[in-house]
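One chain, chain A, links the two complexes that follow: it is found with chain B in the first and with chain C in the second.
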Partner chain A sequence: MSLLFDEYGLPFIVVRDQEQKQRLKGVDAVKSHILAARNVANILKSSLGPKGLDKIMVNSDGEVTVTNDGATILKMMDVRHQVAKLLVELSQSQDDEVGDGTTSVVVLAGALLEQAEALLDKGIHPVRIADGFSMAAEICCRHLETISDEVEVSSERKTALVEVAMTALGSKIVSRCHRQIATIAVDAVLAGIKMADLERKDVDFELIKVEGKVGGKMEETTLVKGVVVDKGFSHPQMSKELKNAKIAILTCPFEPPKPKTKNTLSIKSVEDYEKLHNYERKTFEDMIGHVKKSGANIVCCQWGFDDEANHMLLQSSLHAIRWVGGSEMELVAIASGGRIVPRFEELTREKLGSAGIIREIQFGTTKDSMIFIESCANSRAVTIFVRGGNKMIVEEGKRSIHDALCVTRNLVKDNRIVYGGGSAEISCAIKINAEADKIATLEQYAIRVFGDALESVPIALSENSGFPAITTLANVKTLQISTNNPHLGIDCLKRGTYDMKEQRVIETLIGKQQQIMLATQVVKMILKIDDVIANEI
Partner chain B sequence: MVSLNPVRVLKHEAEEEKAEIARLSSFVGAIAIGDLVKSTLGPKGMDKILVSSGRNAGQVEVTNDGATILKAVGVDNPAAKILVDMSKVQDDEVGDGTTSVTVLASELLKEAERLIDQKIHPQTIIAGWRKAVDVARKALRDTSLDHSDNNEKFREDLMNIARTTLSSKILSQHKEHFAKLAVDAVVRLKGSGDLQAIQLIKKSGGTLEESFLDEGFLLDKKPGVHQPKRVENAKILIANTPMDTDKIKVFGSHIKVDSMAKIAELEAAEKEKMKDKVNKILKHNANVFINRQLIYNYPEQLFADAGVMAIEHADFDGIERLALVTGGEIVSTFDNPDLVRLGKCDLIEQVMIGEDILLRFSGVPLGEACTVVIRGATQQIVDEADRSLHDALCVLAATVKETRIVYGGGCSETLMAVAVSKAAANTPGKEAVAMEAFARALLQLPTIIGDNAGYDSAQLISELKAAHYSGNVTAGLNMEAGEVGDMKALGITESFVVKRQVLLSAAEAAEMILRVDNIIKAAPRRRVEDRGHC
Partner chain C sequence: MMQPQILLLKEGTDTSQGKPQLISNINACQSVVDAVRTTLGPRGMDKLIVDKKGKSTISNDGATIMKLLDIVHPAAKSLVDIAKSQDAEVGDGTTSVVLLAGEFLKQIKPYVEEGVHPRIIIKAVRRSLQLCLDKINELAIKINKANATEFHSLLQKCAATAMSSKLIHQQRDFFSKMVVDAVLHLDELLPLNMIGIKKVQGGALEDSVLVAGVAFKKTFSYAGFEMQPKVYNNCKIALLNIELELKAERDNAEIRVDNVKEYQKIVDAEWNILYQKLQKIHESGANVVLSKLPIGDVATQYFADRDMFCAGRVPEEDLKRTLKACGGAVMTTVHDLNDSVLGKCEYFEERQIGGERFNFFKGCPNAKTCTMILRGGAEQFLEETERSLHDAIMIVRRTIKNDAVVAGGGAIEMELSRMLRDYSRTIAGKEQLLIGAIAKALEIIPRQLCDNAGFDATNILNKLRQKHAQNHCWYGVDVNKEDISDNMEACVWEPAIVKVNALTAATEATCLILSVDETIKNQKSGDAPPAMGRGMGRPM
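Here is the complex of A and B:
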């Protein structure tokens, strides 16, 4: 296919090892890409909306994950195709940027490509299609702003926040305790921003930790105002509860000194031997002495303890937690307002953290225990503690809560909302169809089909809910035009009204805009590829 | 045209199962798991032999415990894995009901399969199930009884629960005996529910009947040579410290000498140091020294000279339990004898059990702990007895914490099923169908119990249902006589927590599997040739 000849008629090689490579060119390349992208989008389509279904993902070691989250599905899919990989990235970046809507963004991209294929058959150049799409996306974003509503967001008025979190959670398995978990997510975010900070309008997700433990039931999921550490006290005889804790946060081990430089310490005589022995004992005593002097009553250490040190801690009635992970150390430090201290000598009273109560709680019939550090000096650090009947539910619960946290944060950042249930997409589609006719150039076609592509989201929603998809969409669309009400969407839960404003199905404006922009960008990128040289696998 | 060629999105060997096929595969997997353990349910359920492979190939285990069976079978089906995990969690959380939870989940899925064939959307089924779970839970809670304020009655409840739990196990022949053992052990805990304080020692030989509860504490260890074998008014120092050579732990130190004489000196110094340590230990005025780590001959001899009983190598659990029982603390440094709390007990002596000699600590101050010695003809019997007793202890401990009880023998399942079908009759919409299916799945549990015993279950269940509809809410299956009987009179009770957990976990897992419409498998990791030892 790509064999060339020079002026003497001799073949010369452009691509090495041609027979081992696969090459696709021109429209064929674009079409094959579109096919692949649609394949991926079709996999995700059925998990859209409150009636969407889940997927089981089995990884290469045979471990099972059950999820409804688009980004997770794609991340765990063993994708080989290059364009499919682009879509995986797309949903990943939506996850990083907004945290929610990872499924819809891929479905939208798939629909756009599907429409583009028809235009390619008409003979329109891919780049012109791409240009038309970006114009349409612009129009969309502007239109979304006009139909958006502002809601009041503050710690007293959190209904809107809870509603937006509920919309995000609607399609997940946690929807059984819908409102409870949505409220937990909102409270966690609100705890993250203190009232004074509401001006800055950002939440540090570092401060919100989501911990899970299998067992119990989903209703037992709680918000812990503090930090949860998946460890037990180092000595079994330390009491299980400590009030008014002063925490020393150490990153140095309670062990005999280990100089980092390589040394050979030679014992030549009995005196040396005894000196060293005494020195060793003294180090332990010094360590405990430093901790005691600073006034701490609990030690939170990143490293292990020597048996002797452990006992000495118990004897001097100090509590201790060992092998605390690095990120947990930081959280404990932030929550308790303490400083992380790298050396015993530098431990002073000012560097201690404080917490109202520290408890060790045991679970079930095994010896599992966790430490809850609560009523801390700095109440911004919170932990959401997820329970569930099996490992997969707890994991999926954690992912869902992450989504809910993200949308809540977005609403705090920007308090504009649009309505869900496909209503925003339908309204945009109507707007775009009207605008398309005003454009004189070839891009008009691309813009028009962009509107059709947008409708794929409400179509998928109603398909998943078991409605006659096209009829329902047509109904809602005509209703939107005749009543001039952009809040009409698909009534997935059969509550008896199309009005999403009444159903309180709301989404954030940023999330929606981001979805459309990201999907358009990827589609543009795919359309512009016209040659693929790949190694045959 | 090239673009008409099939486009492969996934890697080679990666698989995707869609819609109907995915659903079929998860139903088949889940139902197979349910059928696997189904026959062990109930007092007339049968046991399974598990033969292990791999490292200890050929080792045989005989068990009736759902979680143990499921842990041992390697499953590949994703839905089956979910059920296995769920039964494991049930085991960790409440300790019993591991079979029931698996069977209920798989029966729910069996019903769901039928509904899906009727073209009912999975989400509709789930909506119905959620309503059904709420109704069932409420019904269960409303009929639960609480006798915690009446000590005598509560003990009777505990006995009944222990009997009910044990009746489906190998111990059913001796359930009276073991129920008493288990209840005594748990009651001694005085509500703390800390099962660690109950030690189970397995000794094969003898008969199950010979198992007994020892009020003191038994340690499967021997004192050193020439040391007292019997200590009265023992003061026990429990330690975790090296008693071999007291190494210097400062990193990088090593001994470098230039003459033989110096080695001898160092050796003497080392010995001296050990002697110091022993002296320090002796200063605590204890007459029994128990260490978690090894004790070398030299210190052992020193202890013998001082007339102290020294026990080496008591494992960590033993040490912790001993500390708990005798009230001593686990010591690693010996510089402050005044601060150390010593453990106490009235008498330490050697006892013979079978042909083994154990140490018995009797008259311990904290009467909470105790030891149950399990005897039995073969290792398998002893192991299974251990598991059964563990189940019973877990259930009892859970009941002590949450004192409500419900009636067993299929009574509470029928009760929930009746409540759910009544609620279904009042529910408009397709969810009602799902709720009825839920009720049917619940009724499957007593049906299977009846089937396993070889009774005419269809007849029995219809009688049972009729009894419940006519308001007789304590009716259940009397498995001895094969008829419907009054569970209250028969004293067949179960723990409310276990039943509730079974209901919720099973519904959660079934819902999770039902929600799936697509199974995507990654390419299996390539096995790399083993490069010999590692």
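Here is the complex of A and C:
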């Protein structure tokens, strides 16, 4: 920050460490923000749509991530600029709320700012531009409602759900087998809400676990109606398959209990020592006795147990899994309908969970093995098991499935859809241009450019697909106006029709509305800043 | 002969005095005022401030900006203080108060330079303040509390005016209703901490909801939590301040055991202590257990086993608000747990909001509390929304307590300015000029409103002066039409107390700065200046 001087030539030190602070004021500040935001948007532009490309990111530890997901790209980019950070948060909150459309929301925000810059040059007050944008966003959301279709959602009729999930997966690396993965995602969500939650329309993602394992093909990705635990049986001699399992779910270790209070046990003689030894042995026997008595044939333990206990378990032909994580314990309990038992004394027949089959599966030539707990009493807890050629693909697969899960959930919540491929944006742009002429005040200009900004999504789509962007857009737009059909969009996959309804490229209405609202909010916020006081970092 | 040097102050101490010091102080204040000037009014802009840790704040709130600027200039600091005091006292008008103080000083500066004694100036400033306060009291319109709907809509108008300069001004109708509903939920004393504000990223602003009751984020949970039921009708709530975990009863205790039998007994004893506690809670008939302290995995599973819901590590204020809403008492022991100390509510559920899960308590019998759940894009956006709502809540509270309103948009300032100018012409002496200067200074509010909106300030101000001279006392700036309008009719209302407080605080600050003629600034310990001049044994 430059120093100020008074009439007598004395410098003011008004603010602490004044010289070290940067300050940017007025239109310069707004313009520099716009530039920063546009840069971020440009990075993401090329990963939009089914023909969009992926980014590779290497973090400071040398770990490589390949992704197409806007939110992930931005998060990994580790942006420093404050305004660019806002865009990162924008895509993050789209991710939290909707899960899909994280790229488009940033592209839209970038386009809005680009248009705003032109208006600023014309001398329109930034706040009025911001006002105009939010008016336009409102028009947009209302218009989207009128062009939306309702689809029927139930566990029997899941075509629409699968199609939405497929659209969300269209741009991802998994698109090779996207119908399969979309079906998996939809089944997973439907399994989660089968119970009383259907009227509450509340889907708890904690019950859907996504596990990955490197190796195999992407096509081998499966939905396990149960739980997958990334562990093996505790003893190599235990048989690898167990039918009609009765599971004892324990959170106490297989060892003599210790008091939490600090304690010392003083042993004075050999007899005492013998006693202690016998005591320990007896506790093991008691524990196994409790388990046996309850009728369980497999023990799922949160903690470990030593080799002696392990051996005794094997001898009494009990299966055991040790070191199972807390959240997995919970899932096992939910899936099998058992109760988590904190003490051996409380173990009873009623508290056991049951599963049709428990298998230990080994993969390829590696020694890793996993335990599948399937055909459970209660199938609310499900696991999606992702396979893929390498770690990056598995990770990207997991992220893509997350997106698919989110859109499916959204459609369960609100069964209205709009058509993708940029058709909704084009239709909104036409509507907005018509509305803009009806507004008397200065905001008219801002509303009109909002329409232009919306077109950036179809433009990016057709650019990424290798079409002449403007020509294609113009064609679609004229067709939309002449046939009055809001379902026409960019034919990225060259299926020979512009009609997205025929192509079944569908997106959720909530997702689209959220995109527009969130992008507008952030753009408004950026436009309103006219002064930046920053410490040099 | 050389005079011996008298060292009165420590070396390096900065002293400056007299008129130049006074002028310098005034100038320093000006530079601070310039920093917040552009945030005033519906067309005001926001500031982005990045602190040393790289955390950025975007705000339009005068007090917040002043606080974050980290001002060290001693005179300019007094402006920060008045902004803070305005924030604490009324919550809104923090920018105006700084602007007014700065403008008073600016208009008075020529007189200081000409050599008018500061005491005379102070007297004149105080005199004009008194006149202004009398005028506000005379003009302010009392509102009728008897008619509930009318009162409600009036409060909404005040809240809407407070929000009109903020980021959320497009949604101000939505939020002003929400704010007024929230404040009216409270009891007589209108305690601010009984309105909980929770922020969840994502979603549109309009997705924000007001919950008549309590809502808070799901706390950290142990295995077994997902097996607990998530919905209850007519549930009973136990509010506890007990750690329900298997742990050492005394931290510094040590047990010495010398035979194995005793060992098992001790283990059992520890378990029994916990199990007795849990059993007592279960027997009391509570469905939902909330505790300020952690609820461990054993307890979580115990409750899950008995179809009860529990949440540990509930933040204290949330627990307090639950107490207010649902009744009952926060217990520190389980022994007296009975029906009378349990809270009650009609409906409890855990629900997903954005990326978070929230616990809701609805239909509480004595709901003297409420929770706002705000939704919005970015974190900074939500923070600014919270600050804006805080301002609006304060305004509504103030208006309920102090039921007089005046018109905003510069109307009341123009009227005060006219009154002071008329008065100054009736008196003789130096005060005439000084009061005239104050009258001119008051015009800064409408002037800045125009400047920020990009209007021709001189033109608008002349129109306003003419209207006020014809006794149309509520005319102010109309930002939407680039003209003037009767702001009483246009529903741009502010509580009179905001203006009273702003004028008083600005005057106090002005007087304080004017009465200072010397600054003695002790050098910061640690960084001594390099020894100057005195080298090689020679005197300076």
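In this text, the second predicted complex is superposed on the first by the 520 of 537 C-alpha atoms of A that agree within 3 Å, B and C clash if a C-alpha of one lies under 4 Å from a C-alpha of the other, contacts with A are read in each partner's own complex, and residues count from 1 in each chain.
As a working rule, contacts are C-beta pairs under 8 Å (C-beta built on N, C-alpha and C of every residue); 3 or more make two chains touch, one makes a residue touch a chain.
As the structure is a computational prediction, the values presented were derived from the model and not from experiment.
Student: Superposed on chain A, are chain B and chain C clashing or fitting side by side?
Tutor: Overlaying the two complexes on chain A (C-alpha atoms) leaves chain C and chain B fitting together cleanly.
Student: After superposition on the shared chain, which partner residues are touched by A:Gln315: those of chain B (first), chain C (second), both, or neither?
Tutor: first
Student: Which partner does A:Arg157 reach: the first (chain B), the second (chain C), both, or neither?
Tutor: neither
Student: May I ask you to decide whether A:Leu90 touches chain B, chain C, both, or neither, giving the answer as first, second, both or neither?
Tutor: Once the two structures are laid over each other on A, A:Leu90 reaches chain C alone.
Student: Could you tell me if A:Arg349 is touching chain B, chain C, both of them or neither one (first, second, both, neither)?
Tutor: neither
Student: Kindly classify A:Lys275 by the partners it touches after superposition: chain B alone (first), chain C alone (second), both, or neither?
Tutor: The answer is second: A:Lys275 touches chain C but not chain B.
Student: Once both structures sit on top of one another, what is the angle chain B-chain A-chain C taken between CA centres, to the nearest 10 degrees?
Tutor: 140
Student: Does the superposition put A:Arg179 against chain B (first), chain C (second), both, or neither?
Tutor: After superposing on A, A:Arg179 lies clear of both chain B and chain C.
Student: In the superposed model, how near does chain B get to chain C, counting Cα atoms only, in Å?
Tutor: After superposing on chain A, chain B and chain C come no closer than 8 Å at C-alpha.
Student: Which residues would you name on chain A as touching chain B in one complex and chain C in the other?
Tutor: Common interface on chain A, chain B vs chain C: 80, 257-259, 262-268, 276, 279, 537.
Student: Which positions of chain B touch chain A when the two form their complex?
Tutor: 1-3, 5, 7-12, 14, 16, 19, 22, 26, 76, 78-79, 81-82, 85-86, 89, 91-95, 121-124, 130, 195-196, 240-241, 246, 248-258, 262, 265-266, 268-270, 273, 320, 323, 329-333, 336, 339-340, 394, 397, 501, 504-505, 508-509, 511-513, 515-525
Student: What part of chain A is in contact with chain B in the complex they form?
Tutor: 24, 27-28, 31-32, 35-36, 39-40, 43, 46-47, 50-51, 53-62, 64, 66, 68, 73, 76-81, 84, 173, 176, 214-218, 235-237, 255-259, 262-270, 273-274, 276-277, 279-280, 284, 306-308, 310-312, 314-315, 363-368, 388-393, 396, 465-466, 537
Student: In their complex, what parts of chain A are in touch with chain C?
Tutor: For this pair, the touching residues of chain A are 4, 6-8, 10, 12-16, 29, 80, 82-83, 85-86, 89-90, 92-98, 125-128, 131, 134-135, 200, 202-204, 206-207, 251, 257-268, 272, 275-276, 279, 302, 326-327, 329-331, 333-334, 339-343, 351, 441, 513-514, 517-518, 521-522, 524-525, 528-535, 537.
Student: For chain C, which residues count as touching chain A in their complex?
Tutor: By the definition above, chain C touches chain A via 16, 20, 23-24, 27-28, 31-32, 35, 38, 42-52, 54, 56, 58, 60, 69-73, 76, 167, 170, 201-205, 222-227, 231, 246-250, 253-260, 263-264, 266-267, 269-271, 297-298, 301-302, 304-305, 351-352, 354-355, 357, 376-381, 384, 453-454, 480.
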